[in-house]
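Shared between the two complexes below is chain A, which pairs with chain B and chain C, respectively.
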Partner chain A sequence: MSANATCEFQAKDYKSDLKPIWCPGCGDYSVVQGIYRALAAVGRPPHEVAFISGIGCSSRIPGYTTAYGFNTVHGRALPIAQGIKLANPDLLVLAAGGDGDGFSIGGGHIAHLIRRNIDITYLVMDNQIYGLTKGQLSPTSQKGRTTCTSPYGSLENPVNPLLYVLAYGAGFVAQASPTDLAGMAAIIEEAIRFPGFAFVNIQSPCVTYGEEVQQIKGLKAISENLASLGHNPADRLAAMDLAQHYGEKLHLGVFYRNPEPAPTYDALIRERQAALSKDAPPKERILDLFIKK
Partner chain B sequence: MRKDLVFGMAGSGGDGIVSAGDSLLQAASAEGYHGVMTKSFGSQIRGGESSCRVRISTDPVLNPGGNLDVAVALNWEDFLKFGAELPVAGTTVVIYEAATGVPENQIPLVGVTPLQVIAVPIAEMAKSTAGTERAKNTVVLGLIAGWFGIGGEAVMKGISKKLAKKSQELVDANQKAFDAGVAFAKTHPLKADMTVEPSRTKGAVKLLTDGNDMCAAAAIFAGCQFFGGYPITPSTEIMQFFTHHVWKYGGAVLQAEDEIAGIGAAVGASFAGKKAMTATSGPGLSLKSEMMGLASIAELPLVIVDVQRGGPSTGLPTKTEQSDLFAAAFSAHGDVIRPVLAPTSVADMFRTTIEAFNIAEYYQTPVIVLSDQEIASRKETLDPIDTSQFKIVNRLLPTGSDLQDYKRFKQTENHISPISHPGMLGGTYLASGIEHVESGAPTNSGSVHARMNDKRIRKFDPLKDRRDLFEITGNPDAPLALIAWGSVAGVCREALQMAREQGLDVKLMVPYLLYPVAEQTYRDFFASVQKGLVVEQSHLAQTFKVLRMHLDLPKGLQSLARSGANPFLPGEIVAALHHLLSELQRSHEGKLQPQE
Partner chain C sequence: MTTRGIDFKALSLKDALDLAVLVEEEAKERYEDFAAQMDQHRTPDAARFFRYMALNEAKHGEALAARRAELFGSAPSAVTRAMIFDIEAPDFDAARAFMSPRQAMKAALASEVKAHAFFVEALPALKDAAVKALFEELRDEEVQHQDLVQAELAKLPPDSGLSDEDFVDEPTAQ
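Let's look at the complex of A and B:
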């Protein structure tokens, strides 16, 4: 499918009537714009898109689109999203949430979606803080960070989301930021188009509880474009090397794109269904399995 | 001649005692007998104790039976570990391994003199005929065929079929071991004739399966196209059945990364428009409770099977109990009604599971099927089921005009709103765990919350009027009553028969719908009741307490409740009824006496 195969939909077709409830200046306003643009570029009609989130400021995002949305419970966007994709592989399935949702309370799920290679795009709006509960330590907060649950400074090392998903073998890993809206939209589009599990870490600043250096200006100061660094996205080890700088540098672009994507779980399920349904007795006769001759 | 025999056999894991029980039940079923088999183990895989109980009858079997008619102990240490699960009485013939060295008059059963005790050199016979002690279970089957007349040819036919794949030598060795058992029985006749009458339905087609497989088959029949779950004893076989068969019907199964993801995937599949299910046991039910709340507020159909085991926590993972009623009815926070159904046997697991899907789909709600370890793992012979008599209900989809201005949570007369799913043009909406207005948009409004709670709770009112979800037997005007559900119901059905034969005026209610409590159905049942028992395997008497929470119970209604694992015996329930009757008579006499 080429990038401009369908031009039927425009970004505004994916925007719902709900007015976003985010702080003025929140990075998530840009993220939702990026999602509208990416969906328009991909061109799937809104009713064929299922957009699933957990709990947190960023998890409000499905409601601001015209897709089928599901704002679920904390940390469980991915388990629910995988059920949707396996039940109906024809749908375009997006999952989204914050760093706490994805890497703390729901941290156990991502590894399994990656190893199953379910064709879902997962967008994490990473702001290194719990915003909705008013500023507690998050799994990606830097060591030493003072928050209202770490008044003397955090004693914990942060999770490195990029290294985490690369290590589990995700087929598509990228990072974006509202510092470059056009670039973010393009990355989300590429993630959606990737056949398999795709992960995009989006550095989306929290204007209320974030630190000065984490705001747009600070992010711009440490950002580097992976393409202009000459990074080859087919090189997984090089990607892991770069990913180690998470927290110090903001590398924007595609860290890794598997040049030979493996078959997706949902495609394998289709094959199995087709193979086994050929000679299946009607379900009205399922109890015949229990006849003892 | 007998109509009915109950066998209880115990040995070490690896003795093949459970496989002997399987062979016996299959042979009996092939001969047209009715039968039930339950198994009981320690929670280890090999070594340790294992036992089975097999009941064979010329008539349909209501439960695994009370006291054993025949006890088989391959060693006493393991047999005794099962205690009241394998009760020996004065009517029991006890057969045991002579190599234990225990004299027949010194067997280690306290306070009981069995009808007859026979030491048999089982291991020695196995070795001398088949060349290996591994044929001990085949010797036992020969003894049973010889003494009780069950399944002579059919047993060996079954064993030959199983072993023929391995080698003819093995078949011949087992035949010799079997013949040795039969010969021993013939040369050591029993004091009393304990042979079973020939089956009246020889050659009739019978089904043979357990509660877990029946549950999964019923789900697929009901149109379930997605199962998400996580292995946990004693529910795992439900997921295993799906992994074999659901693909054939265009469905999928996911062994998820944990219990939460298992139910989460099922919630997702339901959101995507498919009938979905998960299954678990106590600890898993605890983990799933947040997702159950989500499915309730998002009004998504979902069936959750909880195969109860002893709790709390790991508890008794391989033994049955009825202690999850509170968790099923009341776990997950907030004001919510979640229907809870309970099957009473393998046979009615089919109907109950279909009913669970129908209720889930119609009311757009999670429904819990409270199975238990006994029903889940017991094998029953069944008459074929006419599947065409079962109605399948599907969720209410929006019509073209609904989709003109679609409101997912629209207030309607019966509080049920048409439900769209991804892929449906015009039906897009936001599903959520947060409170929402009719369109699905989130709200913090207290008045909307009150209205929506009202919608989500009142939609269940008609469910409480479903009299077909209650089985009432005996004299409808009887002053004595029994109430029991799940696997205990079968014991009470037999107790009812026995009590009525003994002249007691008693009736029995078996609820298939446990929650919401159908108040009026109970009130009508209680109208004639002066004394009664709620019989359950729960130390806290959870059923009795749930009923008391919703109803003014008759003063004479009492609780007969205890912890799980050890089964209720029909005889003890009849004895309790006699006691109630004498209390009743005394109180009547008291009333009749003129006041001084």
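Let's look at the complex of A and C:
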């Protein structure tokens, strides 16, 4: 048995004074605890952390965290997080939201953050339903699901968030769930420490509109730890193979971690700025660049 | 109910006491969290019961911490919260909006049963006699806690048999 290194910060240091107003029993209560623990383990002080979200139940999470926070507009957490990271690369930037926010309204943004490889950790609390607006079909709802917007059962195939980000080349892809809080905290910590865009899909049950099989007992019944399966997280194709079981099995752990992470966009921008600033005119002469000689 | 990185065969009395303190601490925090959830959703009776449970867990934790301090002083701990999950704490989704006191007590009873099962399962792996004795004591205490909750349950008026689920509308097209 080995003791973990003691941290300067405790999980409670990241807990804000706002009381969560999620439904009692919501999986997001567990997720926010996992985030507090991960932040404490990483040890960055709250004033060096920016937490950006979209709209939805899970997007309330920055309010419950002591850090800079911005509860933005629906589906736009990632572009705003990107702007914050580029403006202040020293900040630890987290983005969070639900499956609808991330893969429907904001679905187009993920690909661009991945291809740019911006050093942001994106946490999606995937509950396969629009819970805040009272239970409509979401992009990850399973086919056949009956909701108020699909009273005869959904005819659509769900988005597979894991395959989606793996296909675009995300450097870090993992899945967690409230069935294992300590494991979730460890995964979020690893995602934060990864130098580049990191994605964690968190199966967070909706106790009000979720189905019985999607609750913690149901999730436990289908969960399998990737490490115990002998999965090699450096093997992207194996990760994609496992990710195809999204919705049938709950694989917990790191699907893919690029063993040779590419340079991040924020680092490249800094390099470019440094290179260009060598021969750059002084700021007061900057307008001369636009004057024809 | 999971543990991570705990070698029960090699568990020392100091680590076992620290582990027991962490188990109580986790349960106390979960009950406080549940009480806050009930407050937010204007369910004062369930909130009151969860606070009562949090207080009990805190008392047990303090008693165990005092024993640990007496035997081992301020020797550094080798166990952390990351090594345990949901041993005596009710499951995160055991809370529900507008829980009745009966539902709250049943959630607490389930977690006491779960904690008892944890100590029963761990016992065969233990080698140290003092650790074994401690785990037997903790196992038996969980039975007492179950009795305590059962006694509280018995004080309640008979259940109406109705559930919130009975009043939920089926989805309608929008």
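Simple rule for what comes next: the second predicted complex is superposed on the first by the 283 of 293 C-alpha atoms of A that agree within 3 Å, B and C clash if a C-alpha of one lies under 4 Å from a C-alpha of the other, contacts with A are read in each partner's own complex, and residues count from 1 in each chain.
The rule we apply is simple: a residue touches a chain if its C-beta (ideal position, glycine included) is under 8 Å from a C-beta of that chain, and two chains touch if they have at least 3 such contacts.
Everything numeric here is computed off the predicted structure, so don't read it as measured data.
Chemist: May I ask you to decide whether A:237 touches chain B, chain C, both, or neither, giving the answer as first, second, both or neither?
Modeler: Neither partner.
Chemist: On the A-aligned overlay, A:280 touches which partner chain: chain B = first, chain C = second, or both, or neither?
Modeler: A:280 sits against chain B, while chain C stays out of touch.
Chemist: Looking at the overlay, does A:24 come into contact with chain B only (first), chain C only (second), both, or neither?
Modeler: A:24: touches chain C, not chain B.
Chemist: A:272 contacts which: chain B (first), chain C (second), both, neither?
Modeler: Only chain B is touched by A:272; chain C is not.
Chemist: Given the touch rule stated above, what does A:205 touch, chain B (first), chain C (second), both, or neither?
Modeler: In the superposition, A:205 touches chain C alone.
Chemist: I'd like to know which partner A:182 touches here: chain B for first, chain C for second, both or neither.
Modeler: It touches chain C, and chain B stays clear.
Chemist: Now for A:48: first (chain B), second (chain C), both, or neither, which partner does it touch?
Modeler: In the superposition, A:48 touches chain B alone.
Chemist: Would you mind checking which one, chain B or chain C, touches more residues on chain A?
Modeler: Of the two chains, more chain A residues are contacted by B.
Chemist: Hey, which residues of chain B end up touching chain A in the complex?
Modeler: 26, 29-30, 205-209, 213-214, 217, 220-221, 223, 225-226, 228, 245, 247-252, 254, 256-258, 260-262, 264-274, 276, 290-291, 294, 298, 350, 382, 384-385, 387-388, 420-434, 441-442
Chemist: For chain A, which residues are in contact with chain B within the complex?
Modeler: For chain A paired with chain B, touching residues are 18, 45-50, 52, 55, 60, 62-63, 66-73, 76, 78-88, 90-91, 108-109, 111-112, 269, 272-273, 275-277, 280, 283-287, 289-293.
Chemist: Mind pulling up the chain C residues that touch chain A in the complex?
Modeler: 2, 4-7, 10-11, 15, 33-34, 36-41, 43, 76-86, 91-97, 99, 171-174
Chemist: Can you check the complex and tell me which residues of chain A touch chain C?
Modeler: Touch list, chain A to chain C: 1-4, 19-27, 29-30, 37, 135-136, 146-149, 151, 178, 180-183, 185-186, 205, 207-208, 215-216.
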